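What follows is a pair of complexes built around chain A, which joins chain B in one and chain C in the other.
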Partner chain A sequence: MVPVFLAQWMKEKRSPYLVLIFCILSIVATLLFGSSTGMKIKVDAFPGEGLTAVEVEQWLDRLNEGGSFDFTLRSEEKALSDVKQGRSDMAVKLLKDDYRVISVMEGGNANWVQQHLQVIYTEQLKINAVAQHTNDAAQFRDSMKVYLEQPPLTLQSSKPTGEELQSYNMGLQMLFGFTLFLVMFTVGFKVNAVTAERVSGIWNRVILSPVTKTEMYFGHLTYSTLIGIFQITIIFVLFKYLLGYDLGVNFGLLFVISMLYIVSIVAMSMLFTGMFKTPEQFRAFFSSVVPIMPPLSGVYMPPGTITSEILLFIGQLFPIKHAMDALIGVSMYQQGWDDIYLPLAKLLLMTVIFFGVGINLVERRNG
Partner chain B sequence: MLETVELSKSFKGKTVVDNVNLYLERGESVGLLGPNGAGKSTTISMISSLLVPSQGDVRLYGKSIVKNPQEIRKVLGVVPQDIALYEELSAYENLVFFGRIYRLSKTTLEHKIQEVLEIVGLRDRQKELIKTYSGGMKRRINIAAALLHNPQIVIMDEPTVGIDPQSRNHILETVKLLNREKGTTVLYTSHYMEEVEQLCNRMYIMDHGKVIASGTKEELGRILSSEDTILLQLDGYNEAVLASIRAIESVRQVEETVQGLKLIVTKQSRVLSAIVQCAECHGVQVNNVHVQTPSLEDVFLHLTGRTLRD
Partner chain C sequence: MRAFFKKDILVFCRDRKQVLIPLILPLILIIAMGFLLPNWMGNASSSIQVKVGYVVKDNVEAGLKKFEDSLATKGMSKDEVARLGMIAKDIHPTKLLNHVLADEQLTEMIIFTEMDEEEALLKLKAEEIHAIVTVPEGFTRNVVDRTLLGEGKGAAISLVAEDSTKEVTILQGMIGNFIRQLNTGAAILNVGAEHVKQGGMHGESSITVVGGMERIEGVDTITTSQYFTLSITLIFTLFAALSIASKAITEKREQVFQRILLSGSRPLSYLAGKMSSTFILSTVQLLLVFTVSQFALHVFSDFSLQFWIGFILLTLMLCFFIAAMSGLFTALMLRINADIATAICNACILALGILGGNFVPVYILPDSMQQLWEWTPNGLWLSSVVQWIQVQSWTVAVEGILGLAVFTFVTVALSVWIFPKRGRI
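What follows is the complex of A and B.
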């Protein structure tokens, strides 16, 4: 086993670019996509007919209250021109007791803005309607203001530990997502050395030596596993200690999940190795199939975005889905062994099946 | 020392090696000749225990190695047809790897690496990466890797395919050195007849998975002892001329070559005048006639009806 392992390491020393490139890609992708997820949605707004400057100001204050949107007052001409030329997705025309969303296409952020406008306008118009039926509208508005600022019932949320409840950390999800996604390539291409050596004849030469087949597999698979673990560890350590990401308190558990995930990816790559005759075929298949695994597993989307039963089922077939569930559980919700045993058990099961079928296929091809 | 007994191999119902019987005595150099697809590499794979025979047996010192391949693996060095080396590593690093898999100690390994590099003549270039080597140099390191553990038997599967004449000569000299000076038993497969003639004491000729002839060069030559080869250069010819020549009773075979026509004819017959007459009848001038004793290439042509490189 040792000579096979050392030969892979010697090759790596000669050409370490693959691992370095995927490490850098993980970091860049996380910083690029992870940081943009917490940003406010910017919306241009302009006043419609019959709206005074004070009323416009009041509407903008109300619309910006939630913190998720940034409504900015602009001239009608500029706002519409930007929409027409594709510089912004939409603009909102504010009316006295109504609004208009001007957008070149439906869907995306326009739906979110539409929902937000609906909620705020409905609430405000209800207050206006009640105020019209009171004797003293000014007094009613004052008392409403007091009620809203000091409600008789308040809801306080906290973590089970009593700490302040934080909002969902999409940046952290992106970090895990991109790291697990890109490490699949590193590991897959390392396992592909088995096919390359079979094709070149090195595999047969080793078979004729005192080294056993089990040792050969162990040498290759141990190396691929360790290189994957090395890549994940580098990225997690970098983000935790250098970029200040909060990976939770149980770093050891994260390491165990990552290790199990890498082993399952090694097994999956072994399965693919058994399916193809040449390293080129493996690379082509791997590069086409692996990128569709994270989106199908909902890795790049906020939780609950995928609702289709079929897609949810397909996602269950990929190791990345279960590793993400476990990593997010441990880092964001302080889950322990008892909470994450199910995704870990699924990863383990996949590993056993993939290895069993994969090695069988490789041996049949050699036979 | 080593023998195969009615060795056969079939893939998906197609027989690629059919009842092959061959043997190697200790210290012998034996050639296995045949065109591409003759079944040489499959036979070698079964002898070296990489493939399990569909039928028959491989015996080392009389003991079957089919169920106990470790016995032959200990004494065997295989030089594969492909360059089975890590291109990204240097020649030295490759040899370190192949030495390690044979569990050679550090000092023995270092000594053996320098010895085999000396044999293949690449000691001064051992630190260079394999991917920077020429095809011939790669093949020489391919051989060196098979010699590290002092094998008693070396099987070489077409080790000179696609290389320059200088490297080819070097490889042939290496094989001679191994066999004649170090006493290594060599099984050498090739489709270059002249290599086998030069290197081997005995040879087996394979075609379509079967051994069609075997023996020493002289024994094989006797197959055509009653025949001569005539090289005929004509001033142009057509199918009618060829048909007429084929129709001559003493002409056994006619083959078109770059130089002209190659005829295998019955010895000591008055065939030459008949051929010249035939050419003149069709208005074709005979430019040159060369009569020679049949070579092993001719023997192969005689046995199979095609040349080795077909």
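What follows is the complex of A and C.
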């Protein structure tokens, strides 16, 4: 087992570019996505006719108060051309005591924004209407503010345990998603060395040597697993210590989940190896199948976006779904062993099935 | 060159798995998405159902009674007490809340079931409901006190949920809006009473309906399924180009390439053969996927002939670019170690796919990346087609075609430059 493992390592030492390229790609991708996504919905706003600059400022302040939207002032041309070119999904035109939502794309967030605008505008207009009838409008507004500091009704959100209900950290989800997605490529291409050796005849020569079959497989698979773990660890450490992401407290648990995930990906790659004859076929298949797994498992979308039962079931078939569940549970909700044993068990089950079928296929092809 | 073209087509066609995967996967995806989730990426609020357990601990009657009693102890006149009592009955918040929750528009989206606290907690644990909304004890009394008399501290509706999922966020937003309206109303009632001149409280009726959706004139809406069909097919074609190029590794290993050189053919015609076969295959692939999605799912219905001409021209230009990409990949495979070349090519396609909005719609991306969108060839094509669907103006199409031509030219030049020179292989 050790010589096979070392042979892989020597190859890596001579050209470490593959691992490096994917490491860099996943760091860059997560940085770009994770940095800005947050949960705020960005909306471009531009002033229509008959609105002074001060009034525009006031409206924007009011609209941004809630915290879940980020309205920014743009010029009319810029905002409209962005909407036309599909770069943003909507723009808002502010009018005197009125507004228009401009959108050309279906879906998107237009309905949400419309609702938000409706509430704020109606409220503000009501206040304005009453203020017209007062002697001193400024004083009226001040007293309103004082009264609303202690409003008759409030909403308290909490968990059943009484803890505060945290808002969802989409940036963290993106970090996990991209890391798990890109590590699939590294691991898959490493396992592909089995096919490459079979094609080049090395595999047969090693079979003739005293090394047993089990050792051969173990050598390859441990190496691929270690490379995968190495990549994930680097990225997590970078994000935790260099960029200050909050990955939760339980680093050991995160490590166990990542390891199980990598092993299941190694097993999945083994299954694919059994299905194809040459490393090129494997790569072609692998690189067209892997990119569709994360979207089907809902990795790029906030939880709850996918509602179809069938699609949810399909998502369950890929290891990335369970690994994401467990990672998010541990880092965001501070879950422990009891809560995440189910996703982990599913990962293990997949690993066993993939390995069983995969190695069988490889051996059958050999014979 | 014709011989090489024929060779590459044959090599590709003989490998049935490889032909079928890039053809069938996008079709399966598009059909699956089209049928399962008409609005899979948007906020398909119609498909969301929030199940809520509604726990009322408050006794409305008792609350109102206490309120009236407290008025009497304050030494108010009988008429006054009766008047405020009437108002309190009219506006008491539980009734208003029920009214909001029973709103017809919302009943489709939100299902309220009244239950007691223990049952609700059990159901929440079993994930039968998404959240519990509790109206606490003394709720009516406190709210009415604060609203009508400006006394006390008011009351809080509590919302209990496991995590803040989309359903919970929607519910929070709804109740939040309701509370906002009620609070503003109360504030106006209280503060207004001090400030408003006599007889001036009829202002509320003058509020007109505001807001509305607007479309840009002459611009058609692009649907999610259209965007998805375009973007997913594009990324698969790029991967298919890579898989054609990676045949070069096999040919290098089995020394086909050396034999070609010995036969006296020009090496560049080998490259040209790769590019031309990729062009044909990607054209067939793209057009086939679009045709099938058009006839099976009616993705692009109701478009004029002019639209189709422009669309096909843009797509052909894209195929030229994809052919050039496969030439570049081939050159890389021959020039450097096959594994590194594959890694570079895959990374390149992934980066293009992310920046070009092929994996997620581009408006989700951060601003800095949105600016890069049209500077990637696939993003340029996607953006041109999106605009072409919206407004069929030829300037858009011609700009897109010219831009893609520049990309194609640069890529071809790059691949010829990278391609190993005579005597270097």
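By definition in this document, the second predicted complex is superposed on the first by the 266 of 367 C-alpha atoms of A that agree within 3 Å, B and C clash if a C-alpha of one lies under 4 Å from a C-alpha of the other, contacts with A are read in each partner's own complex, and residues count from 1 in each chain.
Here is the rule we go by: contacts are C-beta pairs under 8 Å (C-beta built on N, C-alpha and C of every residue); 3 or more make two chains touch, one makes a residue touch a chain.
Everything numeric here is computed off the predicted structure, so don't read it as measured data.
Engineer: Which holds for A:17: it touches chain B only (first), chain C only (second), both, or neither?
Structural biologist: Touch partner of A:17: chain C, not chain B.
Engineer: Examine A:132 and indicate which partner it touches, taking first as chain B and second as chain C; both and neither are also allowed.
Structural biologist: In the superposition, A:132 contacts chain C only.
Engineer: Just checking: does A:80 make contact with chain B only, chain C only, both, or neither of them? Give me first, second, both or neither.
Structural biologist: Once the two structures are laid over each other on A, A:80 reaches chain C alone.
Engineer: Determine, under the contact definition given at the top, whether A:210 touches first (chain B), second (chain C), both, or neither.
Structural biologist: After superposing on A, A:210 lies in contact with chain B but is clear of chain C.
Engineer: Who does A:7 touch here: chain B (first), chain C (second), both, or neither?
Structural biologist: The first partner, chain B, only.
Engineer: What's your read, chain B or chain C touching more residues of chain A?
Structural biologist: More residues of chain A are touched by C.
Engineer: Now for A:200: first (chain B), second (chain C), both, or neither, which partner does it touch?
Structural biologist: both
Engineer: Find the residues of chain A that appear in the contact set with chain B and again in the contact set with chain C.
Structural biologist: Comparing the two interfaces on chain A, one with chain B and one with chain C, the shared residues are 15, 200.
Engineer: Provide the residue numbers of chain C that touch chain A in the complex, in ascending order.
Structural biologist: 15, 17-18, 21-22, 25, 29, 32, 36-37, 39-45, 47-48, 93, 121, 124-125, 142-143, 146-147, 150, 153-168, 172-173, 175-177, 179-188, 190-192, 194-197, 200-201, 203-204, 206-207, 210-216, 219-224, 227, 235-236, 239-240, 242-243, 246-247, 249-250, 253, 337, 339-340, 342-344, 346-347, 349-351, 353-354, 359-370, 373-374, 383, 386-387, 390-391
Engineer: Along chain B, where are the residues that touch chain A in the complex?
Structural biologist: 48-50, 52, 70, 73-74, 76, 78, 80-86, 88-89, 93, 97-98, 100-103, 129, 145-146
Engineer: Touching chain B in the complex: which residues of chain A?
Structural biologist: Touching chain B from chain A are residues 2-4, 6-7, 10-11, 14-15, 200-202, 204-211, 367.
Engineer: Hey, which residues of chain A end up touching chain C in the complex?
Structural biologist: Residues of chain A touching chain C: 15, 17-18, 21-22, 25, 29, 32-33, 35-37, 80, 83-89, 93, 97-112, 114-115, 117-119, 121-123, 125-127, 129-130, 132-136, 139-140, 143-144, 147-148, 150-160, 165-168, 182, 185, 189, 199-200, 276, 278-281, 283-285, 287-289, 291-292, 294-295, 300-308, 310-311, 314, 333.
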